[in-house]
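You will see two complexes here that share chain A, one where it goes with chain B and one where it goes with chain C.
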Partner chain A sequence: MADIQLPHGTGAPSAKPFNPWPVVIFIILSILAVLFLAPTVGVLFSSIKTTKEIAFGRLWDFPTSVYWGNFADILSNPSVQGYFVNTLLITVPATVISITLGILNGYVFAKLPFRGSGILFLVIISGMFFPPQVILIPLFRLFNGLHLIDTLWSVIFIHIAMGIPICTLLMRNFFATVPNALREAAILEGASEWQVLTKIALPLSLPALAVLVTLQFTWIWNDFLWPLIFIQSDEKRTVMLGIVNLKGQYSVAWGVQGALSLLASLPTLIVFLFFQKYFIKGMTMGAVKG
Partner chain B sequence: MAELVLNNIKKSFGDIEVIKGVDLKVSHGEFMVFVGPSGCGKSTMLRMISGLESVTEGSIHIDGADVTHEAPSKRQLAMVFQSYALFPHMTVEQNIGFGLKLAKLPKKEIEEKVAEVARVLKITDLLPRTPRQLSGGQRQRVAIGRSIIRHPKIFLFDEPLSNLDAALRVQMRLEILRLHTRLKTTMVYVTHDQVEAMTLADRIVVFNHGKIEQSGPPIELYNHPANIFVAGFIGAPAMNLIATTLSTDKQGTYIDLDGLRLPFNLKANAVDKMSVTFGIRSEHLEVCTNDSPDFQAQVEIIEDLGSESLLYLQTNFSTEPLTVRVSPENDYRTGQKIGIQVDKSKMHIFDTETGRNMS
Partner chain C sequence: MEKENRFWQIVFLSLPMAVFVILIIWPLTSSFYYSFTNWNGFNSDYQYVGFDNFIKILTDKLFYQAAINTSIWMVAAIFLPSLFGLVLALLIDSSVPGGSIFKSIFYLPICLSAVVVGQTWVWIYQPDWGLMNTVIGFIAQEKFNYAWLAKPDTALGSVILAWSWQQTGLSMVIYLAGLTSISEDLIEVCEIEGASTWQRIRLVIFPLLTPATVVVIALSVINSLKGFDILYIMTGGGPFNSSDTLAMHMYNESFKKYLMGYGSAISVVLFLIALTIIRIYFKQLKKVDEIYG
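So, the complex of A and B:
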């Protein structure tokens, strides 16, 4: 890496040349951090202020007192509990199934290639490059024909399907780094292909799994588009639809929306914190080869 | 203990034939070493025996049973890989006990057997560690431990020592020999190192380009190489090989090295003026103390190896220098002219075209 030196006219040979890059990078990062954190802080502030305060334009004032009324409203609202249950009923099975399919696909592509498997892999991966808008109308008609509109199943199916390419890609690439000799050694010890996968390949791929679970869970939990298209009745709504929906019940419901937004982001935060340790464990285990 | 028979084994990857018809019988308890240059198909052969690689043509029999299409786990073999292939997320204890656990043995029994194997291999205090915390030699021991615990019928080794440094390699070589003496199990051992092959083998199989060049006990291969390839491959330093032509007259067959007439009694049919290669090992050339040497040579390089010295000599009849083994207590100098005597009973003549040993 080339050192960047400022031209300096003093000519003092012992003076260490001033390197501006750490400072520049620090400033850029600070600006970015503020930009990214601002909305979150806004939501946090709005959740602990009264609607009156917000309406008077005091959203960005540092809160002097905490108003818990928004949270109380949310937690006592029976539809909100339904939103959370619905979102969980979609997110957990869709995450588990898409990752399971990704694991099975990835293992076959990485360790058990067959004639044409390379092409098939590309076909599956190309699924990632379809923008959802393109398939929206045909899907709606399909689901309508199958009577899946306004069911949680519709959203579960679409998330499983949309998750397969990325799950397959990530797992295949990670399994490819597990040396073939490990699989062969296990097979000679009497392991079946399934046991090679569950006892050797998967334990060695925990970091990839942790990344995938976090990605999929967050993506599906936070999804707004698909439930918006396929869900119609209030008792089937997900949390993200619910946040927007609160607007209808109250005239200007910033405070309640902020409170629900905060609560809605807790599950993804928990998932992230829980799997974070596996990222690190995976990194220390990284060097598989002897 | 088991007998292994290979019948006309062939293997192709796509259009490329890698193994071109191998017939071989490995007897009960024999230590068989496959040796040959890199890429000649040794690993492929071993992997076909293990069942990890399918056989394109031919059949494999273990103890009389045809296992050509048996799953690897059904063949009751164990293999030690060059990379050791230890499971990085398991402790040494779990690694060694892995096969037994898959076979659903009671936990207590697994523990006892692992402890016994660890004791034999002197790795008891390594049991709680993971492979990352082990040195190369220790990993090697664990890999061997994992393979011996199930009492396989045949051990397969694929260049198990090539990742170790020289000193450790010699030590592990001895231990593998000891293991064989102790277990008396049939072993098939692959290496590209002919010294390893010579020291370990009951019988060596020399592979080249997917075919067996020669098989036999190490000394037989050393003393009676069947062809130029084996002559050049087995033995260090390599046999001196000199291209020349064969002549026949009333007194018999001979070669002429710049005026030196060396007569031969050949088994194979000799044709006058045919191209042949004359072979002689470095220990069968002797520096002449009297004044009637077979030929004169000039010392080009002296290699002192401690227990012996090697002289590299320039001669009129060979473009390559000739190697001569001499005692380490010598006072030769580079550039010195010396006379050399040939041990006439140890000479080889190879047909240059076919490579076959004619003597």
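So, the complex of A and C:
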């Protein structure tokens, strides 16, 4: 541990009065990091161990050999392939459309305010705060009447609607930072509002779009409640329903469940890593500005 | 110009507002309507039953249990991740080596779904080979076989711990951003004036983190009100309804027992609770705004 202290001792601009602290903090953080990683490591280990090994209590031992059978089982299972296709078919359109609607809303609230638009904006974003259970039953009845129960459409529609508050909020806040003079100049030059939105405001708002893509993709991909209510047949199941369903299919299938959990987490991890820089910035914008 | 604006307002707003009204506002209001009926989810002939469902709530022991659990859940699920996140942020912000690696490790769980997190923690609490019992057994040097999720005393607490594990990274990241906005000069002044580390955190850093705290609490309130998935996966509200929350209770009554009228009444109560919390929150927010501009 001694070598860790070195960079602090050499060339620090102001000599700090307490030198042991960096080492102590480093040790505390390391212990916490190990504790924090344990559950994730558990999933990782379970995916490369046989269910028998796990049942004998060897899940948490460092693996001495890698068993690929779980992944082979999962990837060759046609219903699991279906789960992934379904989830993608829901997540991609719902993400794109909810963000598009948020852009349209956000532009009006930021650049074309009207009498009562402030209140309307508050009503929309307060939708973020309410537990989804409040609208569950009427929606079930509505979709049942439209014969949308047990179709991917029901889940796509509800995610588009549930995404409107957050997308509107973020886009409005971002569009508000686009200078008004820019818009007015473009309008004077004969541009329409549509052109101002697509040619000026949107290209300036790429960081906000990155945040929304990450948020919406992660939220919709990971969602469990709406598919649980609306989807009934196995062919229409999403990945998250599939993980739960595996428990029923095999009596104990810890290894297979671990492998599927790992695969199911990859898309959101990839999206997050891809947009990470913007995402953390965007999420914390409010925290800095107040 | 005025006319032109009106045209674009209508063009831009009509589609999003139509979706929002049909799929959010209308269901929200009709929840109130269904709460006065005995609809069972399938039949189209159902009766208006007045306040029967609400009277039933008052005598429903499971409802009280769920209401108490919801309060415990909300307080713990808001307080614990915020506190852990603040502590981690302060530790990482002390220019510790490897800070960005620590940040990623603590943030990772946020990307995982409630289903994956729930299932992973079921394995941690597994009586025979779970990590919890393995570690306790190792320390105590004897076999430990406690079923954390199957005992009414520990079920809810165990889920809260799993939830805190997942949510801590979010508040940490927000607090870290808040910390970077505090000027170095101010901290230096504290050191020159001889303030202890604890005094510095309590009297200078924490008050300056108020905007970050506002965001953290808002996100925690939003997320914890929705804390259904992880409970469904880990305990399903059991054992003996010991980890039942209002959201869980509403789901069971509506989609297990098909008492959709009664379920609607519970969801109306849930709505009113959410409304109250949000109003309190916005009131506090206004106070903070007045102080911090």
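General remarks:
Assume the second predicted complex is superposed on the first by the 239 of 290 C-alpha atoms of A that agree within 3 Å, B and C clash if a C-alpha of one lies under 4 Å from a C-alpha of the other, contacts with A are read in each partner's own complex, and residues count from 1 in each chain.
The criterion applied here is as follows: a contact is a pair of C-beta atoms (placed from the backbone, for glycine too) under 8 Å apart; a residue touches a chain by one contact, two chains touch by 3 or more.
Just so it is clear, the structure is predicted and the values come from calculations on it, not from any experiment.
In the superposition on chain A, A:I124 makes contact with chain C only, while chain B stays out of contact range. Contacts of A:P203 after superposition on the shared chain: chain B is touched, whereas chain C is not.
Contacts of A:L29 after superposition on the shared chain: chain C is touched, whereas chain B is not.
More residues of chain A are in touch with C than with the other of chain B and chain C.
Of the two partner chains, neither chain B nor chain C is touched by A:I99.
By the touch criterion defined above, A:W21 lies against chain C but remains apart from chain B after alignment on the C-alpha atoms of chain A.
Of the two partner chains placed by the overlay, neither chain B nor chain C lies in contact with A:A259. Shared contact residues of chain A, touching chain B in one structure and chain C in the other: 287-290. Of all residues in chain A, only 4, 7-8, 14, 17-18, 21-22, 25-26, 28-29, 32-33, 36-40, 42-43, 46, 54-60, 101-102, 104-105, 107-108, 112, 114, 124, 126-142, 157-158, 160-162, 164, 168, 192-194, 197, 218, 221-225, 228-229, 240, 243-244, 254, 257, 261, 264-265, 268-269, 272, 280, 283-284, 286-290 touch chain C in the complex they form.
Against chain A, in their complex, chain B makes its touches with residues 50, 52, 72-73, 77-79, 81-89, 98-99, 102-103, 131-132, 136, 139, 146, 150, 163. The part of chain A that touches chain B in the complex is made up of residues 179, 181-182, 184-191, 195, 200, 203-204, 285, 287-290.
For chain C in complex with chain A, the touching residues are 4-6, 8-9, 11-13, 15-17, 19-20, 22-24, 26-28, 30-31, 34, 39, 41, 88, 91-92, 94-98, 102, 105-106, 108-109, 111-117, 119-121, 123-124, 128-129, 131, 134, 165, 170, 173-178, 180-181, 188, 191, 197, 210-212, 214-216, 221-222, 225-226, 228-229, 232-233, 246-247, 250-251, 254-255, 260, 263-264, 267-268, 270-271, 274, 278, 292-293.
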